[in-house]
Amino acid sequence: MKTRVFLVGAGFIADIHAESYRRFVPEAEIVGVYSRREEHARGFADKHGIPRWSTDLDETLSREDYDVVDICLPNHLHATATIRAASSGKHVILEKPLCLTLEEADEMIAVCKAHNRKLMYAEELCFAPKYERVRQLAHEGALGSIYYLRQCEKHSGPHSDWFYDLDQSGGGALMDMGCHGFAWFRWMLGREQKPISVFAHMRTGLIHGNRTRCEEHSISVVEFDGGTVGIVENSWAKLGGMEDRVEVCGTGGVMYADLFMGNSALTYSEKGYGYAMEKAGATHGWTFTTVEEAFNQGYPQELLHFINCVRTDTSPVTTGEDGRAVLEMLYAAYCSAGRGAKVTLPFRQKVTKPIDLWLGSPE
Amino acid sequence: MKTRVFLVGAGFIADIHAESYRRFVPEAEIVGVYSRREEHARGFADKHGIPRWSTDLDETLSREDYDVVDICLPNHLHATATIRAASSGKHVILEKPLCLTLEEADEMIAVCKAHNRKLMYAEELCFAPKYERVRQLAHEGALGSIYYLRQCEKHSGPHSDWFYDLDQSGGGALMDMGCHGFAWFRWMLGREQKPISVFAHMRTGLIHGNRTRCEEHSISVVEFDGGTVGIVENSWAKLGGMEDRVEVCGTGGVMYADLFMGNSALTYSEKGYGYAMEKAGATHGWTFTTVEEAFNQGYPQELLHFINCVRTDTSPVTTGEDGRAVLEMLYAAYCSAGRGAKVTLPFRQKVTKPIDLWLGSPE
Amino acid sequence: MKTRVFLVGAGFIADIHAESYRRFVPEAEIVGVYSRREEHARGFADKHGIPRWSTDLDETLSREDYDVVDICLPNHLHATATIRAASSGKHVILEKPLCLTLEEADEMIAVCKAHNRKLMYAEELCFAPKYERVRQLAHEGALGSIYYLRQCEKHSGPHSDWFYDLDQSGGGALMDMGCHGFAWFRWMLGREQKPISVFAHMRTGLIHGNRTRCEEHSISVVEFDGGTVGIVENSWAKLGGMEDRVEVCGTGGVMYADLFMGNSALTYSEKGYGYAMEKAGATHGWTFTTVEEAFNQGYPQELLHFINCVRTDTSPVTTGEDGRAVLEMLYAAYCSAGRGAKVTLPFRQKVTKPIDLWLGSPE
Amino acid sequence: MKTRVFLVGAGFIADIHAESYRRFVPEAEIVGVYSRREEHARGFADKHGIPRWSTDLDETLSREDYDVVDICLPNHLHATATIRAASSGKHVILEKPLCLTLEEADEMIAVCKAHNRKLMYAEELCFAPKYERVRQLAHEGALGSIYYLRQCEKHSGPHSDWFYDLDQSGGGALMDMGCHGFAWFRWMLGREQKPISVFAHMRTGLIHGNRTRCEEHSISVVEFDGGTVGIVENSWAKLGGMEDRVEVCGTGGVMYADLFMGNSALTYSEKGYGYAMEKAGATHGWTFTTVEEAFNQGYPQELLHFINCVRTDTSPVTTGEDGRAVLEMLYAAYCSAGRGAKVTLPFRQKVTKPIDLWLGSPE
């Protein structure tokens, strides 16, 4: 019997999840989709051949006729949706970042534990095939002792409006994409190394004008107690399509990996064509034509892993605790940018959303 | 109910097929594996969790308790195995090249037709995701009218001994890999353009010494009646790992795609590591670390397509007729190399194996 | 005392020569420039600070107050200009190709010899630093025994009108650029290996419509008596800027080198910029921004070598004999495309211009 | 008449200078070379055809029969050598970094000014052709408003022993190479933007064991008052050869440029060859074969500019003041690493050498 998944959300990332389930996770079936707006819900269900759609979130999360909720909602809804779903017996797959506050994180983890439900934190970089090759070689010892990591994720800004509203997103480019870098560092280094400080620089007002008060660009330098240093760079102001790349230096070697340009065909087209790459803009002239973006970023592998965890009752490699640890690092980064100083971990402060630590509280 | 596949052969390519079925073709189950040698058959079955193994080819092909035979045998056995399997009711998936002679090809096609069995010709380049993006853009008109194609497949020589024996393989680098380029040209250009001539240059004695009389290097220039010209380059004497790349030029643009280097992470390792790339040799110093080789070459997509064709009784995109058309081009190429002259198509000559057209008949 | 050079021609290539002399050949001074049209001659002289200009070719070539003539004229004027200049005592630097016919070539060589003047054939690829590194490694034995060479030079068509007129140019993309590949093969392989055959495929009518009857695209396969095979590919129909690249395969290794993309910075610019690359077209979106094009192609090194040859009375590495040998290969290639068959060398036929061997004589 | 240059130093960088003068700066002649050790001085003079050599530094700097001293000595000797040379009437070309302390810097600038001698600070990245293309496009507006710069220079450690001794070098990877990044940022952004803070992270003990107490790896984040942020990354622990690359992001585009891998031919050699790249180590297997390293890094262009400044009595684009500004940033970076905190500029503290600000004063 297949594992029944209800997809909560019908935006950009939900679309990637739906494609990933359909093509690569035969043990799962999507039994329904929720969107706030009827035309989105209905259109999404039609496109992906999903039998049921809903615009009622409460009802959706309370139903008991499916096994796993897959939450692809705006960040500020992550906590309540997770808690409600777990309380009514569902395992939870939750898109990054985990939620807006550490208090929410603690409660989400506690509720899922209390109901014996899995909280599966969807960090696809831990499943991206090329990055997993990097990790494998590092673990084989091919690179010696790792002392430096760099991860960049940059594009020209998100598709959906809610990202630009800091009350819904909790922050900008760092909140949106820095969570990837922080999670990947922890995944690469394993439990033996803990992050001990973050220094961050942020900037807004680059290309989005009044549309957002969120940071459009951020640089974060993370120190780990084993001595490794990591740099995470994120941007909503980088033109020319998505960039997702890593560098690793160890005492025995180096690796470079690039998920977009580094997996693409190279094209020159006088008149252009339909689609080149996430956020690529125009397609005439030279372009880097991407191939199997979802697969190369690790989405199908991630969802397959999660469904298998549910089916075999095993623990996922990326949990609520991982999401919480990343959120703590995001806090520290915003705080660092606000103070203009390095911030040490562990770090906890009472805020409504992470970006307040940079911009100040909004009262 | 799953489609039951019997894997006939337990070498390099059978291993790729087995991995591809397991990870990406949930509708299929491998019910058995044949190898001439017991330790190979048993080891392969153990490795891939296949319930049954056999060293009796006749018995294997005559059984009626499975649906599809997947033939990964040396080239000279393709025809008889196909004919026997189809005669006893199985659909046939057959690794390239189709067989050694046009007479065999005609009989294979006829027998499969007579028994209403599908003859599915396994040309994975027609499914390789990056090359399919190239084809898609070409069909969108992004490149204007295509006037030039190039496909290279080069490495340092096959794993298995039988390739080097021209009686088993029928030819060397061209027979082994030129079939890919010829098939891909036909796939790119569609039925509208027919190949009208082949000019080929071949050479042996480069790095394999007395191990083989087969050509180690070949260049083939193919003209199509629509005016497009294609170059296929193949080598068993190219060091540094597998190369598989294409170039396309049209009146409106160009594309370049590379399946190995172009999908890899870049590594420098002082001490080396386990595996970099098909035929890569040593892994210390700089290497191009490949990722998901089977997927990037199109094997899982190909096998999924074939299994779906069987399940829905539809025609595969690569058939026995395609394999035959490619074989005719291989004939023409060997003949061209033998004559030192361009050879026009259609071309048919009575030979025991294609390479005789270059080396002369062996009596 | 500086060596006095008179530049005959004021087009695209003359501009590169002038820049090269000024920046990199201090032993030379350009004493004058000739162009058929006064505004060109005058403008060129102004731009490059050349003291004298002329529109009288005869007078220019007959003067005796300079040492070296540097001929950058349309192909059909090469022979007469060379002969006149040498006859009046000048050493000759001559842009490729040498001339239109073998009869001209023989006479040019004889006249220069009779007057004891150097005939220096300007094949810049023999001086391009990256290609010279390739040659150096090959000669060091780093690649083992070389069995395969490929050289591509492709762009979207020449700047000047005369190239499109086969009476002035003698041929199209092959005449214009195939001479580079043929010369580079000979340079790589040295005197030990002689070309023994050429097979060529040509096509016209791709993107230039009625502007030209010349071939817009050509592929040439050359066999050498040592067993090496070379492919030269040329195009006037390749969009996206200049391409100049080589591949070398030997029994001990391989090399890839690219003079344009492979030396460039990678740029994404929303609004575009002034200049990206020879024939690059628009510069918005992604572009490959070239750097020091003349230097990377070997022009300054070539001219410096020639001037030193004059000053020290030594033989240049690329002579009239080399240009003649290349012209013979061009003949063979056109003839091969015309016959649809491989043509063996040595080859000589009486024609007015090489392209007649493909298109047939124009009477 | 040529400008007479005396080369003071005969190590790795002096060799690059000598080659650069000889090939690309015809207006200069090297009249002598100094090295502490006779065999070095004599060997260098022989190799480069220099008429005179000396092992007496005082005598060398006091002579009056040449015009320009080109100082390629260990860092701790820069100040005294400069002062002595300028005092006895020579213009000074001085390799980076300017000197060890701000006090020295002030005195060097003052003395040169007092004697009306030019202090020409040899920052070759301001002349590297590819980086100059980046700067040109940025200034054209092709990239919009620049908000991010990154410059990396990394290798496996210097050739000469003195670099490892912090009393001679004043610091490690940052002192050695971070000066390039800091200088290049200032050059890119121009006088309009001033650096206002530096945050740095450093690490030692990676691959050089007890050989050095200097930092082997450093990351520096620099804020400019116009809002641009820059990252400089340096390493003496990066295997696989030299890395020198930049990234630039602006509101209208991005650029990527790479001086070593990005200008190289790609080679696979089974047996290896003589030389691939600065610090490349072994050359068998895959290597990036560099081409014209000195030219691509800007050395000849830099020296030509300096000699022209002397000959025409104009100001160089990189002066003692620039070297001093960079030194101040180096101070701030070491101080930041020591404090674990961002340090604001202007910054001045009394120390014996920059690295003391990180390691603490050595008493």
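Observations
Which chain is which? They are A, B, C and D, in the order written, and residues in each are numbered from 1.
Note that a residue touches a chain if its C-beta (ideal position, glycine included) is under 8 Å from a C-beta of that chain, and two chains touch if they have at least 3 such contacts.
No experiment lies behind these values; they were computed from the predicted model shown.
For the pair chain A and chain C, chains touching both partners: B, D. Rotation angle relating chain A to chain B: 180°, from a CA superposition, given to the nearest 5.
Averaged Cα coordinates give chain A a centre that lies 41 Å from the centre of chain D.
For chain B, the set of residues that touch two or more other chains comprises 239-240, 252-254, 268, 270. Taken as a contact graph, the chains are fully connected, with every chain touching every other chain.
By the touch rule above, chain B contacts chain A in their complex via residues 24, 26-27, 129-130, 133-134, 137, 140-144, 252-257, 262-263, 265-274, 283, 289-292, 295. Those residues of chain A whose C-beta lies close enough to touch chain D in the complex are 145, 147-148, 154, 197, 199, 201, 203, 206-207, 217, 219, 221, 223, 227, 229, 231, 233, 235, 237-240, 249, 251-254, 340-342. Of all the residues in chain D, the ones that touch chain B in their complex are 239-240, 268, 270, 281-282, 284-288.
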